[in-house]
Every structure is written in C-alpha cells, then in structure tokens.
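Two complexes come next, and they have one chain in common, chain A, joined by chain B in the first and chain C in the second.
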Partner chain A sequence: MNTTIQMTPAQPGKKPVAEVQKEDAMLLQKEMLNANYKDLASAHDQGRKVAATFVPGNLNELVMCFDFARSLPETNALQNGMRKKSGKLIMDAERDGHSEDVCTYVKSDLGMMLGGEIGPTGEKLPTPDLLLLSYTGCFTFMKWFELIRQKYNCETVMLHTPYQGDGKITQSMRDYIVKQLKETVIPTMERVSGVKFDIDRLRQYMRESAKAEDDLVKVLQSAKNRPSPIDGYFGAVYYIGPIFTAFRGLPEATQYYDVLRREIDERVRNKKGPITPDGEMLEEKYRLVVEGPPNWTSFRDFWKMFYDEGAVVVSSTYAKVGGVYDNGFRHDADHPLESLADYCLGCYTNLSFPQRIDMICKYMDEYEADGLLINSIKSCNSFSAGQLLMLREVEKRTGKPAAFIESDLVDPRYFSGANIKNRLESYFQMIKQKRAVAGVVTAH
Partner chain B sequence: MVPTLKDIMARCEALFEDLHFNAVKEWKAAVPGRKAIGFMPVYVPREIVHAAGMLPVGIFGGGDQMEVIQGDAYYQSYICRIPRSTLEMGLTGRLDCLDGMLFPSLCDVIRNLSGMWQVLFKDKYVRYIDVPHNYLDSVGGEFYIQEMQTLREDLGRIAGKPISDEALNASIAVYNENRRAVQDLYAYRAQKPWQAPTAEVYLVIRAGMVLPPEEHTPLVRAYLAAVDLEDRPKRDKARVVLTGSFCEQPPLSLIKSIEMAGCYVVDDDFGLIMRWLLDEVPADGNPLEELSKAYLHRSAQQASKFDEKKEDKGKYLLHQIKQGGAEGVIFAAASFCDPALLERPMLQDILSKQKIPYTAFKFAENTGQMAPIREQAGTFADSIKLWSDA
Partner chain C sequence: MRCFIGIDLGSTTTKAVAIDEHQNIIGRGITNSRSNYDTAAKIAKQEALVNARFYLFRQALSQSSALNGALEEFLAQLERDFRLEQFLVQFTDLEATCQRNAEGERFGDASKAVLSALSELFQRLRIEAPTLFAPGAKRRSDFFRDIAGSRYLALGEEVAKEGGIRYDMLLNVFDRSIIEVENRDYGSAISANLLAALDRTFIALPETASRADAIRAPIRSVLDTVLEETYVIGTGYGRARLPFSKEHIRSEILCHGLGAHMMHAGTATVLDIGGQDTKAIQVDQHGIVESFQMNDRCAAGCGRYLGYIADEMNMGLHELGPLAMKATKKVRINSTCTVFAGAELRDRLSLGEKREDIMAGLHRAIILRAMSILARSGGIRNEFTFTGGVAKNEAAVKALKDLVFENYGEMTLNINPDSIFTGALGGATFAYRAVVEEGKTAEARE
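And now, the complex of A and B:
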C-alpha cells in the first residue's frame, strides 16, 4: 500500500508544493526516527544516560542492554543535510577553525554543537554521557569523537576494529574485539550507565536483529526481479534507516521489516516498479549498481535525475554500510560477543579493496545491471580513495560501462546539479549505445 | 678518512633526490638473493624486516621533482598527493627494486592504497600493518604481537628461512643504536639549531629511509661530528616546533624557507619512524613482546593514534616544546590530510590555554610557491621575537 503525503502545508501566495508519494514503510521509518529524537531530547530529564556511536559497526543491541538512549552523529548530520540546515553548520565549524578539507559530517555535527545542539527536528539534543567509538572503516570517526570529547569532556570508549587488509577475518582479529568488549567496552558501559550487563538480554535483542536482517536481505534482493520493485540506493536509504541506527534488536524494527517485506512482496507479485517521490516508476530502462554514499542536501533532485530517465539502482554498496547481510551474516544469539565482532569486522568499508571490487562485480552479475555508477564523496576517503581504480577494474571484469560523478554528503557547495545531470544523461546514452551495438552483434 | 660535512651532505642529498632508489639496487646487488621491503609513513616494525635479512625502505612520496601523470588518474582532486606520487613511482617501475610493500595503519587513504597495491602489483608482497588502539598488553598487545608474528612468518617464507628470536633481538639492538644516534642528532639541533639547520637534519634523516641502519647510524654520528666543527653564526631566530608533517613531507625548499624566514625548527615530526619508539627496546627478551610493549607504552603521539584520555591530547607536542625550548609551533599539514587537519584544532586549543603562539598552513609535497609561506613564517617569527611577553 502506498500513501500520498504533502511535504509542506500549502501557504497562500506560494507555489503549490509537489505531492510526494511514499511507501507505508517509509512513513513508518520516519515516525521511528522522529520518535528517537524525542526520546533523546527527554532522556536526561527521565534520568537516562545517552550514548553516541557510529553507524558502521554500531553495537545497538549491546548499547540497549544498558538502557542508553542512542544518538548517531552521522544520522544527525544527514538529517540536517536533508533538511537543508547543514550548509550553515559546516561554515560555522569552518569559522571556528576547522579545515575546509575535512569531512563535512564532522563539521556539520560540530556546527550543531556550536549552535546549542539543536537537532534536526528542532529539539535540543543532550550531551552524550558516553562516546562509543565503534571504530570501523573510518579514521575520521576517531578524530570526530576526540573533538567532541575535547569540547564536552565526556567519557570515550574505543572499540578498535582491525581492517581486513588481507580480505579475511582471522581468529586473532575476532579475539581482539571480544577481549575489548569484555575488558573495556562492557565495564565502561556498566560504570557509566549504572546497569549491570545481562548477556541474556543481549541474546534476546540479537534474536530480534536476525529476524529483521532476514527481511532486509529479502527486500534488498527483490531488486533481482524485473522490474525491480525497489530502488536499492535511494529507496534503500529508507529501508536501512531503522536497522542501521537505534532500532536494530527492537521488536519495532522486526515489525518494520516485516511490513516492508510484505509490501515489497506485493509489488513483486504485481510486477510493479519502485515508488519514487513522483509516484511509481512505470518503465525500467536502466539497471545500475551504485558505489558510494548519496548526497543528502539535494537528495530528491539527485534521485529525480535517475527516475526521470527510467534508471533504477538495483544494488548499492551504501545499503551495506551498516552491515553486510547478503553474504549470510546474521547476529547470532548463541555466540553473542563473537557475533558482534564479526559484524564490526564485516562492515562494507572495513573490507579490503579487492573484496569491495569483487562484491560490486558480483552485484553487477546477480542483479543483471547495465553498469556501475560511482558517486564519489569528497568527505569520505574511506569510501572514495581508490574508486577510480575500482571503476577500471569493474569495467575490465564485467565488460559493462562505468561512470564517475562527484558530490558530497552534506556540503551543498559540492553538489553541482547541472554537471551531475549532464554526466548521467551521457552515461545513459552510452549504455543505450552499448546495448544497440550488442543487439547488432547478436543479430549477426 | 673522516668525511667532511660537504661530503656527507652531498651523499644525503643524492640519496634524497634519487627516486630510482639506486642505493637500494646497489645494496641488493652486493649479495645475490637480497630483498628489500618498502614501507610508508608513519611506523612499521622495521626490526622484523631487518631480521629477515631484508632492507626496509621508506617510501615517502615523490617530492617536488617528479611529475605525476599516471598517479593522478587514480585520485580525485580532494585526495592528498602522497598516494598519487607513490603510485606513480610504482607504475613507472621506480619501485621495481622492492619485493614488497607495507602500508601502516595511518589513514583511510593509505589503508585503501594497500588494497590498490594488491590489485595493481599482484606479484609483490603487500601487507597492511594494523596497530592497536587498545593499549592493554593483554588486549591490544596480544593482537599486535599476532600481527607482527604474521609479518614475521610471511617474511621468513619470502627469505627462505624462519626469523629466529636471536635474529630479531640482534635487529632490535641495531635499531636501538640507530634511535640513539637520531635522538642525539635531534638533541644537538635543539641545543644548537644554528649549527644543525633543519634542512640538513632532514636530509640526514631521509638518508636513513634507504640505507641499512648499520650504515645510517655512523652517517648520523659523522654528521654530528662534522657539523660541530663548523663555525656558523648564531642568529636571533624564533625557536619553533613544526608539527603535522608526519606522512606527506614538505618540499625541502619549504623547510629552508621557514628557516630563512627567521625560525629555528627545534623539533619536528618528519620521518617519525626513526623516533617513534621513545627509548631502548630490550634486546634480550621475547622480541615481539618487547616491540609491542614499546609501541603500547613508550611511543610517540601523533594524529592517527588514538588518545585514550582527554588529558593525553597534546602531551607529546607540549613535551617537544619544552624539551626543545620552543617559543611557538608551526602547524604544517599536507592538504587533505584528514588526521593532521582534524587533530589541529584540538592541539591549537591546548596551545591557546598554555599561551603558546602558533601559526598554521597547508602544503603539498610539490608546493612551489614559497613566498606566502616565507611571509607567514616570517611574520610569526617577528611576532614572537618582537611582540611576545617574553
């Protein structure tokens, strides 16, 4: 079922606002995220402690064992980006001495702090009691929390996740993470929260996580159908929201993914295309795999450049940034700490470069994509450094065309709509020509 | 014959400028079967490479003399320069003399470069050297020992014989000697910066990136002896610590420009690997355990290393300032260097609280325009010498 909502109330004398179509699951997701902001805003009044942590390698099940309200600075930054607030926040941080060269998620967050911690929904966000540095696949995270600690003097605990440099998880890496959990992370959380760790509580959350993960994988893999019933990049952003943030492990998340899967199953049965903000996509002309995060400040304009041309993203690496589940990993209640270790180690940006290339080539094949598009993000070296080699390798191995565009996460100064649109149009033309040539060759 | 300062500096300069690594080729050719392993900044346990009978070779970018063409094709404009020039060297065959490359855990760019190297140079040994951010011996230490053990086994395989504890301890002793010499060099410069200008000290350090430690240690000692005989005028310059250049290195002309502008650099973080471990590593114990303990508890502080406590931030820099008798700090970070540029505001905050003056600029290894830097450094030196409270 789909619902049409109006994004902004119509005002006299102003241009009518376009109606935006959303799936029910998208609406439910928005409600959940807003509820978490309310929860955060009132946490300290209710005597609850607040933990801040990152999306990749987030230990939501563990954090919930200590009754922490959960804040995710990346999500705050992207929400501020989508609400067109991040530009000012970034410039405020730069005026405060932060380099123009560094990650804009960090600067958006620091700008928000400078402005009194008013969160994306307009509510004041609490100062975290604990910064859980779930350090996975990004060195900037480490500096980010050191910067927050410098300002707020809050307790910081590091969970160092070794990088899969050799493309594999070794027992030593797993043991290292489990030991950190046992000897530093859990004791720190107990001390800060005043709540004793209960491993059975963790197991229960993990059982819920695994159910939601099953459904998420089914939803994301539904894009193997023709037409794809989902957009695996722009639409997937809504699908991954709850599971990559403060909800994984909660029955609400399980329910969300159950609703979502049913909705998508229905679309598959009816051979329907994805829902876009302008309604259902009627004709699927191009199937793409996308590497790299989206731009948030012009998210809808960016998406429109795709669906206006009949391009659907059938799979994206970004939809795996908070957990790679389609390779079979599930949170395992029977081995809770080891499973948390494997989760952190297996996050997308913690994979070696050859592993990332293999994964994209596999997606190209399994989702029958026409090509690869790389959206290279200025802020995110973890994703971006080396993507031009990735492009060459994927083209070489799959024989399919790849294209490269550049933008940023939440800095509106780095989104050049006209340039990106031009490039995309040329790219779609190229795919069309390749198809035509292939058709001629086949005909002969 | 005792080498003159001129001879020593001519040799160091030649080694620095030689981006075809002829010294490495000569070292390999001297004994058939010898192997060389490259490493990028900031720190790898070179003792293990050395104990395998191999030459550890510091790959510190292409500097300002090399044109980067192919390397640029792999990177967006917002990525720093060192991975581009390193790739350029690899793709143009300049690094063919290396049998492997080690990529330290430093930043996302160098981390990803390790995987790019695996894709582009399939016949070479490539390893990402992870270092712990947990500093407990029983946690981070055990992990690090296992990482080093893997490297030890890999290199033993390549060398054709396992690396024994005795060989490792012997190498630790060799590097202890080298560290002592480098520490003496830095102490000498801090004491008499007019005698040992940083442009020279830097070249002596860079020579150690391509020479075996057995040759580099006497070179450092020879420099110290030779430079002390010089009669160089002492000027009234501002004593500064230069920080933020731990990975991509500034061009030599930039270092000279800072000195010409009225600063004595009394400490820096160039070639930090030479001084990463702060004191002697016991050479008679379990070698990997001792290397691990030295890393965890007695190593330098730098932006890519996690500071466990807020109070730890800036301690090393403050120590450098105190030890070097510095009057100010120059933050010189490579453009787009995430660790250095994210660290900088925290360090500046600490310096402000301590009322220590600082200035900051960015560079690239091929920066050519020195006038703005000379002006900025000169103004900074003037502000210290003419208008400070001291």
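And now, the complex of A and C:
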C-alpha cells in the first residue's frame, strides 16, 4: 500500500492571513511535507516499515515498491533549522561528544535522536527499520548512518555509487550499480519489508517521476526570462521539496509540478518577477548564479539581503542536489534499474570539479547572469574543498565577477548576518560599478 | 566653496575626508566611533571641515606673505591652541555633567565629599590642560574621551584618597558623564574657538603679534567662506545610519579600492586591516574592484587583536609597534584568535621571553592571517597598497614586508601616512564623481 497524501488544492480564500507572501505552490509543498511527517509518525502504528535515506541518490521510486514510509535525515535537519530548533539540537549532540567541526546536519539529527526523535512538526518520528545508504559523493553520509545504526541497531544496506572522477558515466559503472541493486539492495528491502519486488510497480512510479521532472525543469529554466519569474535558489528550495524527498514517483508530485508550472507560466506571460516573503520583486537589478546550499537558520534574513537589493538568483547548483535533470536525464520506465543507476551517478554531489565548473559556466551563460556567488558551508568538508578554485576558474572563463561568503547549514552560530550583508552589498555594488564601466567602454 | 565629503564609519574610529572641485584633499577628520554613529559621523565631518579651514588658512596666509618663513610654526601653534580651546569647551561640559551626575541620593552620606572631590579634581585637571597641548606633548590618543579619561583616572585616585572617598565613586561619575559628553555636538563653537585660539597663538608667538591684523584678515576671510557640503558618501559598518538616502552609501570595499587608487594610482592589490575585518581587494587600473575576500566567520587577526593586546599589556595601542620594533629575537605565536592571544602572551612572558620579542611575534601572527586572505583573493600583484589603522603600525608593516618578500618576491609596497583615511577618500571621490561626472544632487533619506 502506498502513502496517499491528501492535498487540498490551494484556494486564494483559504490562504492564511500572514505577512509573509508565498506562492500557492509553496503552500502546497508545505502541506505535502507536513503530511509526510504525519504519515511517518503513524507508520509503525499502521504496521508499516520505515526507511531512512539521503536526498542525493534518493531511490524513492524503489523504496515505495516495498511500502516503506520514507524519512530523509537532511530534510529533517533543514526543517528543524528553518523552524529555529537546530541550535539546541546541535548543542545537545556536542554535549554527547560530537565535535564542533562535524557536519551540522548530522549533529542536528543526532540531537533530535537524543531528544526522543521529536520531528520538526512536533510529532514523534519512528526509528527506522532500514537505513538505505545511497552513497553519492558525500563521505559523511557513511559515518552518519553508522552512528544511527549503532544507536538503533537497524538493518543497513549500502548502494555505492562510483565517483565521476573522469567526468563521464561508463557502462561498467552503470552495471556495477545495477548489480548491487539486484544482489543486495532489493533483496534486503524485500526481507525487511516482507514485500516482494514488482518491477512493473517501479516502472509506474518512474513514469510519474519523469512527468514531474519535465515540469520541474521547465520551472527552473523559466529563470532564463527577464525578469525571471522565480528565484532559482531561495524560491527553488520550495519547488524542489516534493521531488527530492518522499514524493517523486507519486501522482501527488506530478500534480504539484503541474500546478507549479502553470503558475510560473502565468508569471512569465505577465512579465512578473519572483514572489518573495515581502511580496513580488518589482525590479530585477542583478542576476546571479549561486553554488552551495543556503543557510537554513536565517533563511529569510538571508533571502532578504538579496531581494532588498533587487538581486535574483537565476540558477543554483543546490536546486540540483537531489537530481540533475536539466541535462536531459529522466527516470526511464523502460530501463528502470539502469535509470536508477544513471540517476545516482549523475547527482550533483557525485560530479567532478571540472563538471561542476562547466555546469556553473553554462548557467552563467544560458541564464545571462551577472556573476557567481558561492556560499561555502563551514561544516561541510566534502563540498567546501575546492570551491575557491571553482570560483577563480569561473571568473576566468566568464569574465564575470564572483564572490565568496561563508555560513553554515543549520548551526545558527555560524551565520554572521551583518558580515554577510556587508559582503553581499559590496558584491552587488561591484557588479553595478563594473557594469557602469563596461557601459562607458562600449559607448566609446 | 563646494566640498565633496566621504565618511567612513568604522568599528573603532570614524573618518571623514573633504575634497575640492579639483579633487585636492582639503581636510581630514577622525573621531572614535563610540556606539553612536550619528554623532561620530557628524564629528568626523566637522573635524574634516576644521582641517579644511586650516588648509585654506595655509593657502591664504602663504599668499598674503604675512608670515614669511614662519607660516608652519604659526599654523602648528594655532592648531594646538585650537585643540586646547576645543578641549576646554568639552572639559567644562564634562565638569558640569559630572557635578550633575554626582548630585542626589546616589552616594548617600558621601555626596558632599564626592562633589567637593570633583571640584578639586577638575581644578587640577584644568591647570594641567595647557600642558597636554604644549609643543612636543605626547598623547595616547587625540580623542577627548581618552585624553580627559586618562588624566581623570590618574589624578582621581589621589584626590579620592585626600577627600576620604572611594575611588570607584569618582569612576562611576566619569563613566556616566563621558558618554553624555562625547555624544554632544560642539560644532557651533568652532569659529569662536578658532578666534580664541588665535589670541592664544599671538601670545605664544609674540613676534607675530605685531603683524596680527595682516594675519587675522585672511583668516577671517577663510572663516567667512561657506564650506558647502555638496555631496556626502558614507561607507563602513555604520553607513546605514547616515542621514541620507541609499544613493549616498557605498560599500567600504569599493571605497577602499578607489581610495587606494587615488592615493597610489598604480595599485593592483589592496590589503586593509581595520578594527574588525581584514579585506583583500583586487582593483583594475581605474580603481574599480575586480574581486575581494574578507574574513567571514571569525575576526581573528584584525585590528582589535592589537587593541586587546594593548589592554592586556596596559599600554596604548600606538605604543605596541615601537615596542615590537625593538625585538631582537623571533618568538613564534601561532594563534591569531584575539581571545587566545592574551593566554599566548602570558605563557611567553612566563617562559621568560622579552616583551618586545613577543610583541613582534604577535604582529607577525596578524600578518600571517592577512596573507591567507590575500592568497584567497588571488594573491598579491604589483603595486600593493596597505591601508587601514594597522598600516600605521610600523611592526605590522615590517612583518608584512618580510612575508610579502618571502612569498611573492620584490613588490612595490605603498603605505600612505594617511592610509587610515583611504575608505573616506574613496567615498569623497565617489561623491565628486556623483556630482561632477554623473550630475547628481544630494538626496534626503527615504
């Protein structure tokens, strides 16, 4: 049996009266995520098993074939971050012996476990029956699940995705993953869930996934318009929610992306800018590409620093963290296991430096961006390494100015608002000044 | 006359620069930022305009040849006398404020004794005030809080003892009063103070008194010239507090880049070490910023580090550099954490290291941190300009020179004696460009 999420179509009259403005699709995705927490909280009572897995390399379609309720630890951590709960959780984990330099997603999650697994919505989350360690480039994932396994003594199955060190996917890499799926992952899931694997069911989910993926790509690429109707980073965080978590493959997700795409199409037709928490952005002054996740604990303050200055993020690598679709990849029902392999291999976290640089340069060009901004994450040892080199290379290739700021995922202590605002304002003024100079040069 | 003004509201000091229509720097002003940026901006600007008056005095007097050969001596004396007059105005206010704050029930039975101790203390301070501004007098700082405070503390202890009251009662009165006084604006007294200073100067330099009228005339004419604040650009941490619209605000990165370019046209890389941040900026041949890096998550190795060390050593900030220059041995200090620096310092002292050697090690530690930020910004290119308060510190400069040579080889290192005003100069230049090149007019705060 599958999880059915009751979705109330967003109606203008039903919107809560709040100062913060959101698109209908943003409200819808919040409802969906909350419903998933509710579903998770009651899973064991309903006799269902729970699988935990990570966002990059999330094999949602496959996991659903075994009726698992799905829990995503990074999403839990970021939701706790956005709800201002992570600071305490991190300190609890540190008290339990985890160092200051450990990934703060991990510490937030461990802190949540120590506090009795009370999830972001206040509901108690179940202990997982299966840890599906789909490894796609972040080495911390292994240690993270090792810690959870140690605590809960639950079944763990690992899917190892080879790194795209040479910048390409080979047939043997694909075969290697398919072999693991067939010989280890699927049998383990059958055993833990007691449900027999049905490849046709997988195919059906994948058909739904591909439809949602098509719409997501259209939405994200709408930022090529001027003005951009969306913010491809802060806004995209809401857009990627369903597809990167427990919903990809479900008709609900397909429906969500259909609603979203229509909403955005309408904005493009009306030449509208993105919706920000303070209303529609009226003047687009700067178009940026961003690398690195946002800071979650001060998410809205961080966003405000952009829209107050008329800066819109037209594209971000973070919006691809749960799957890179804009290069043409789609889940393929005709080759289900191979397509899962390609999905994992193509995750942003599994790309080499040259691939990441190419991707950013391509975005800079296709989205007509004024510059690149890197938000480097203090506690992320996997992805902060090399970011300055990427920055320099992108600067060199595109001739566009780049800037580098540092903050953290969910540790509120590492977000220095005044400093970041200062850097951003300097950066925007730098773009403006360079543009003015370029204008003078062109005029002459 | 039209003046274009840049104000740099830093975390420690607030600086202002005024330039004229030919982009000549006519005045510089500096004050401590307090925690009140409005007042700091106002006072720095006033100081710059006072300084501009002196610039104009020099021009007018050298044209009038009333002081042939004695112009510099005369102006130096006049400036000291003016500082004394300014000091006395604030000092009188401080005395009245202290008396007011000591009245009432606060000190119970000791009230009367506190009031009379205050009278005695201020009398002694007033007597010694002129010596503070005598030729060659050394002051820890030029800010009223520091000058008045250090003497108040020094004399207060013996006055308290003599008056049979607790020293902390006098300290308490001072702490309450100084904040009020330093946040008051004494701008309206400037002209009167200048004229009063002029009288003092004629007494101090009797040989000039015979030419008093010939000297007074050009000075009066300068005083009658209106220094119009045509356009003001604000930068630095407190910039959002400036009383004008966003159009008048620039990031300090841009201002430092442009200011460094105005000071040294060949500048390609700029290092600025301020109170709470270190900036590495790359500029093009027009002073336009190409890229920058700053310390983000931690202020280790910034100017405050030295401030903290100065406090730990019970020394003035300006005394650290000269002490470090006496070093004869390299003491390695690895931590650039401001808080750990105190522990490092005590540890080395306990090991018997000399203060000057430790100081040199601490200066090197700051510069090591700056080298890493420079590397992040793309390295050092020729010419290299060092700005900010720390550029005034000769030991920091020496450490920088050594490390630049070790890592990048021979480079032209520009350090302007007025480098602390770099951001403000950049701001003033932006103000000039806004009006003269872009035809803008001043806008009120939205």
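Basically, the second predicted complex is superposed on the first by the 426 of 444 C-alpha atoms of A that agree within 3 Å, B and C clash if a C-alpha of one lies under 4 Å from a C-alpha of the other, contacts with A are read in each partner's own complex, and residues count from 1 in each chain.
In the analysis below, a residue touches a chain if its C-beta (ideal position, glycine included) is under 8 Å from a C-beta of that chain, and two chains touch if they have at least 3 such contacts.
Owing to the predicted nature of the structure, the values given are computational and were not obtained by experimental measurement.
Asks: Thinking of the overlay built on chain A, is A:Ser99 touched by chain B (first), by chain C (second), by both, or by neither?
Replies: After superposition on chain A, A:Ser99 lies in contact with chain B alone.
Asks: Answer with first, second, both or neither: which of chain B and chain C does A:Glu338 touch in the superposed model?
Replies: In the superposition, A:Glu338 contacts neither chain B nor chain C.
Asks: Between chain B (first) and chain C (second), which does A:Met430 come into contact with in this model arrangement: first, second, both, or neither?
Replies: The second partner, chain C, only.
Asks: Once the structures are superposed on A, label A:Ser352 by its partner contacts, choosing first (chain B), second (chain C), both or neither.
Replies: After superposition on chain A, A:Ser352 lies in contact with chain B alone.
Asks: Which one hits more chain A residues, chain B or chain C?
Replies: The larger set of chain A residues in touch belongs to B.
Asks: Pick one for A:Glu406: touches chain B only (first), chain C only (second), both, or neither.
Replies: Touch status of A:Glu406: both partners.
Asks: Have a look at where A:Glu117 lands relative to chain B and chain C in the superposition and call it first, second, both or neither.
Replies: In the superposed model, A:Glu117 contacts neither chain B nor chain C.
Asks: After superposition on the shared chain, which partner residues are touched by A:Ala385: those of chain B (first), chain C (second), both, or neither?
Replies: Only chain B; A:Ala385 stays clear of chain C.
Asks: Touching A:Glu284 in the superposition: chain B (first), chain C (second), both, neither?
Replies: neither
Asks: Both chain B and chain C touch chain A; at which residues?
Replies: 378, 388, 406
Asks: Touching chain A in the complex: which residues of chain C?
Replies: Residues 237, 250-254, 277, 286, 288-294, 296-297, 376, 378.
Asks: What does chain A use to touch chain B in their complex?
Replies: On the chain A side, the touching residues are 96-99, 101-103, 106, 133, 135, 138-140, 142-144, 146-147, 149-150, 153, 156, 158, 160, 162-163, 165-166, 170, 172-173, 175-176, 179-180, 183-184, 352-357, 376, 378, 381-382, 384-389, 393, 406.
Asks: For chain B, which residues are in contact with chain A within the complex?
Replies: 73-76, 78-79, 83, 103, 105-109, 111-116, 118-120, 127-128, 130, 132-134, 136, 138-140, 142-143, 146-147, 303-304, 306-308, 310, 313, 333, 335-339, 341-346, 348-349, 362
Asks: Quick one: in the complex, what on chain A touches chain C?
Replies: Of all residues in chain A, those touching chain C are 378, 388, 392, 395, 401-407, 414, 416, 418-420, 422-423, 425-426, 429-430, 433-434, 437.
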